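This is the structure I want to talk about, given as structure tokens.
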Amino acid sequence: MPKPEILDPQGQAVANALPRLGFEGITSVRQGKHFELEVDDSVDDATLEKIAETFLANPVIEDWVVRRVEA
Amino acid sequence: MPKPEILDPQGQAVANALPRLGFEGITSVRQGKHFELEVDDSVDDATLEKIAETFLANPVIEDWVVRRVEA
Amino acid sequence: MSVRVGVITFPGTLDDVDAARAARYAEAEAVPLWHGDPDLKGVDAVIVPGGFSYGDYLRCGAIARFAPVMDSVIEAAGKGMPVLGICNGFQILCEAGLLPGALIRNSGLHFVCKDQWLKVENNTTAWSSRYELGAEILVPLKSGEGGYQATQSTVDELEGEGRVVFRYVGDNPNGSRDGIAGVTSANGRVVGLMPHPEHAIDALTGPTDDGLGMFLSLMDEVVNA
Amino acid sequence: MTIDTVKHAETTPDQEQPFRELGLKDDEYARIREILGRRPTDAELAMYSIMWSEHCSYKSSKVFLRKFDESLTDEMRSKMLAGIGENAGVVDIGDGWAITFKVESHNHPSYVEPYQGAATGVGGIVRDIIAMGARPLAVMDSLRFGKADAPDTRRVLPGVVAGVGGYGNCLGLPNIGGEVVFDESYAGNPLVNALCVGVLRTEDLHLAHASGAGNKIILFGARTGLDGIGGVSVLASDTFAGDDGGGKRKKLPAVQVGDPFTEKVLIECCLELFQEGIVVGIQDLGGAGLSCATSELASAGDGGMHVYLERVPLRATGMTPAEILSSESQERMCAVVAPENVDAFMAVCGKWDVIASEIGEVTEGERLVITWNDEVVVDVPPRTVAHEGPVYNRPIERPADQDALVANGPESLARPTEPADVLKTVLTMAASPNLSSRRWVTQQYDRYVRGGTVLAQPSDAGMIRIDEETNRGIALATDCNGRFTKLDPYAGAQLALAEAYRNVSVSGATPIAVSDCLNFGSPEDPAVMWQFERAIQGIIDGCRELGIPVTGGNVSFYNQTGSTAILPTPVIGVLGVIDDVRRRIPTGIGAEAGETLLLLGD
């Protein structure tokens, strides 16, 4: 997700369009990316953190959350 | 998220890059979008569903999940 | 009789001037249409040009298809009006349900601008009758999300009914299924393609003038109707 | 939150101020106090520190840049409608058409965040062109990276190229040329120089000034957020004392995110405003945001200005006046409009869904006064902010090792003698990063949009048709060889000029004007200043010889990693005119067998 203080033109565009489509009451929209990785049991949480920080996200402008879900 | 049978070039590119970066054990990656909407209490679940289906997602190629989180 | 071709401008549309010029080269009258105005001004056909409508931030064409003018286009297309969607216009027509499928990120993940050979696979549509079947034409392709995708059954249906109008020749530039560059509606009146025929109407400013055939096809269609 | 007002500043003369953290020297701070007759407020300090920075004030280069104007002959001046000092130079190309063009750097931001840095670099130069009242026609990009196989180049290059393409493509401006050069001196310091060219009718020239008391100041385009306020956030520690937000803001990265869609709409909106004839003056908001726009408009005009800062539409909550004044949020413009035209102005903005707010007015008198909810937070003579900043005569010294560098010529290198060796050398050269195909880059740029591109890659110059009736057009090329320039900055700069001039000439166009982007190391290093001084002199003498003026450009200093400066890189852009683009000459050996190949010159 774009950091809160960073401009998010994509979320902005969605937020502007919603009232035009007749959807009221949406006060803010932010748009980010979502990755689903299937991993072996050998991949630990620290590795996932590292993949997110060094590769999937751009820490200069994005925040991120890693969530592990059992299959 | 791109439907399972639809090509996902972005996820593919991530999956191919990971071993090169020294991350092993990731068997598949898919990349999709994530939206965070701040909504008034007046916006009900059905409306959120509708926003997702008619606007945020393209049902031809994407699946989606709507999750409501209290602030 | 003068043929009136509407060219829609959305916020973020870029190739409207080119589409209008192409219509004029074919000796049609280009009529500007505005996204917020449902009035089609009595045109005989509509071009939905390329660009980045609303920045294409959500998904290419996703916001534009809800514009007031699109309601009118959908209605007119239902009555058989010829509609051409180029690049972003193709994406918009897919989002609007006038054409099947969807366009996704190029398989190479980069925007690609190149001169691209296309094979004409159907010369019975409102926009391709001037070409010989199997002819190869050279026009610019310039897009970042030009990969044509649809479910297998849709692709089978399109192939079975001959509704693939243009196919990429040589290496697939963007990962489109079956190398599909452009498709048509069941009645052959609505055509969408990723490459840009409107940039190939004069060898001075484009690779060829091969694209002019699409606009001349429309002239035949309207005049002979 | 407590706001530092002029009144408060008058009663607290001894309050400590973080001027050094803001980049001001002790004597510069003392001068500000002298100008104001008191200590500056937080907001004033923010304004002065930004506007007196090297980037905005040209304090190290001013004495040299003046020479450009001083060296103009009547011949060189004859076609110039606007020159150095305006947002971009303007030249008359005949038939009532004028062309404006400029090249500008966005080097440092592109290293921090390559995609956004390059994207906003394109966005910034395009707004400079709009601010002249012109329709932007095309862009070019001149790029320098570290070694092609260096790991960081793999991070920087793809991001920069995608950013240039992402922004320019979305604006609908064809990319008609540029350069990609690799050298290890650019490793921690890539160069991203973007050029934009625009066209206007000569009578539509809009210069940035605010005149006519009672005229309104309108800010339009994107909302103002916390973008790029890295430095100024040190002020927030005072005003946000004890507040969590204050502490956090200090860590704000100086990264701006570009929104090309908003800029595209802004372009169309501006063009419609120009067409309606309802703009008295206009200014883009660049690196120094509102500080720059308000002080420059006021300084160039004939009166004062009052700005109501609380009227600025914000994207973030709790912004202080100093932050609002120094925000680098992109895609904003500031216009001066007569009161009777404000409604018409707003109507055009409404049509394009562009946010517009009347934030102030031109006043009698000579002060720039900025209030925040009725409290005066800035009260300054605008010229002292915008045009009368410090000027330095930096020490200049030819580097001690220059002789050794020059002496180390190619004579000592082995030369291939056997045909097989020559072939091998040719193949090695063709495969080297600096000579190999640029298709990976140029393929990411739209060169067709708007249908006026007559020449683009792989041509030596880009060419655009500007008039479909007469086929009148323009050509542009940018060039620079930093290695030559390091060996001999005077001759190196002239070689860059000559190469760009030749590239334009061989396309069939006649060169008429120059824009340059002077990328150098630290001006505090006498050896760098020597390179700089020599390069400028080279350009000046070369331009006189060729009879074409430098109409604008940009200086980028502090391009260095540690104490190692980049190769001196004076990128030269040459503009040419051609009366009929159908007579263009494409690059490449002819298509037919039996053509004669001639070598001209020696």
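Which chain is which? They are A, B, C and D, in the order written, and residues in each are numbered from 1.
One rule holds in what follows: contacts are C-beta pairs under 8 Å (C-beta built on N, C-alpha and C of every residue); 3 or more make two chains touch, one makes a residue touch a chain.
Bear in mind that the values here come from a model prediction, so they are computed numbers and not experimental data.
Counting C-beta pairs in contact across A-D and across C-D gives the higher total for C-D. Mean C-alpha positions place subunit B and subunit D at a centre distance of 39 Å. Separating the CA-averaged centres of subunit A and subunit D is a span of 33 Å. Centre-to-centre spacing of subunit C and subunit D amounts to 37 Å, using the average Cα coordinate of each chain.
For the pair subunit B and subunit C, the distance between C-alpha centroids works out to 28 Å. Residues of subunit C found to touch two or more other chains are 54-55, 57-58, 66.
Shared interface positions of subunit D, i.e. residues touching 2 or more other chains, are given as 259, 261-262, 353.
The multi-chain contact residues of subunit B, meaning those touching 2 or more other chains, are 55-56. Checking each pair of chains for touch leaves A-B, A-C, A-D, B-C, C-D. Chain contact summary for the complex, subunit A toward subunit D: residues 2, 5-9, 12-13, 16, 58, 60-61. Residues of subunit C that touch subunit B in their complex: 58-59, 62, 66, 94-95, 100-102, 104-109, 147, 149-152, 175, 177. Per the touch definition, subunit A reaches subunit C in the complex via residues 9-10, 12-14, 17, 20-21, 31.
Contacts from subunit C toward subunit D in the complex involve residues 11-12, 14-15, 17-18, 21, 51-52, 54-57, 110-114, 140, 142, 144, 196, 198-199, 204-206.
If you check the complex, the residues on subunit B that touch subunit A are 1, 11, 14, 17-18, 21, 23-40, 42-43, 47, 50-51, 54-56.
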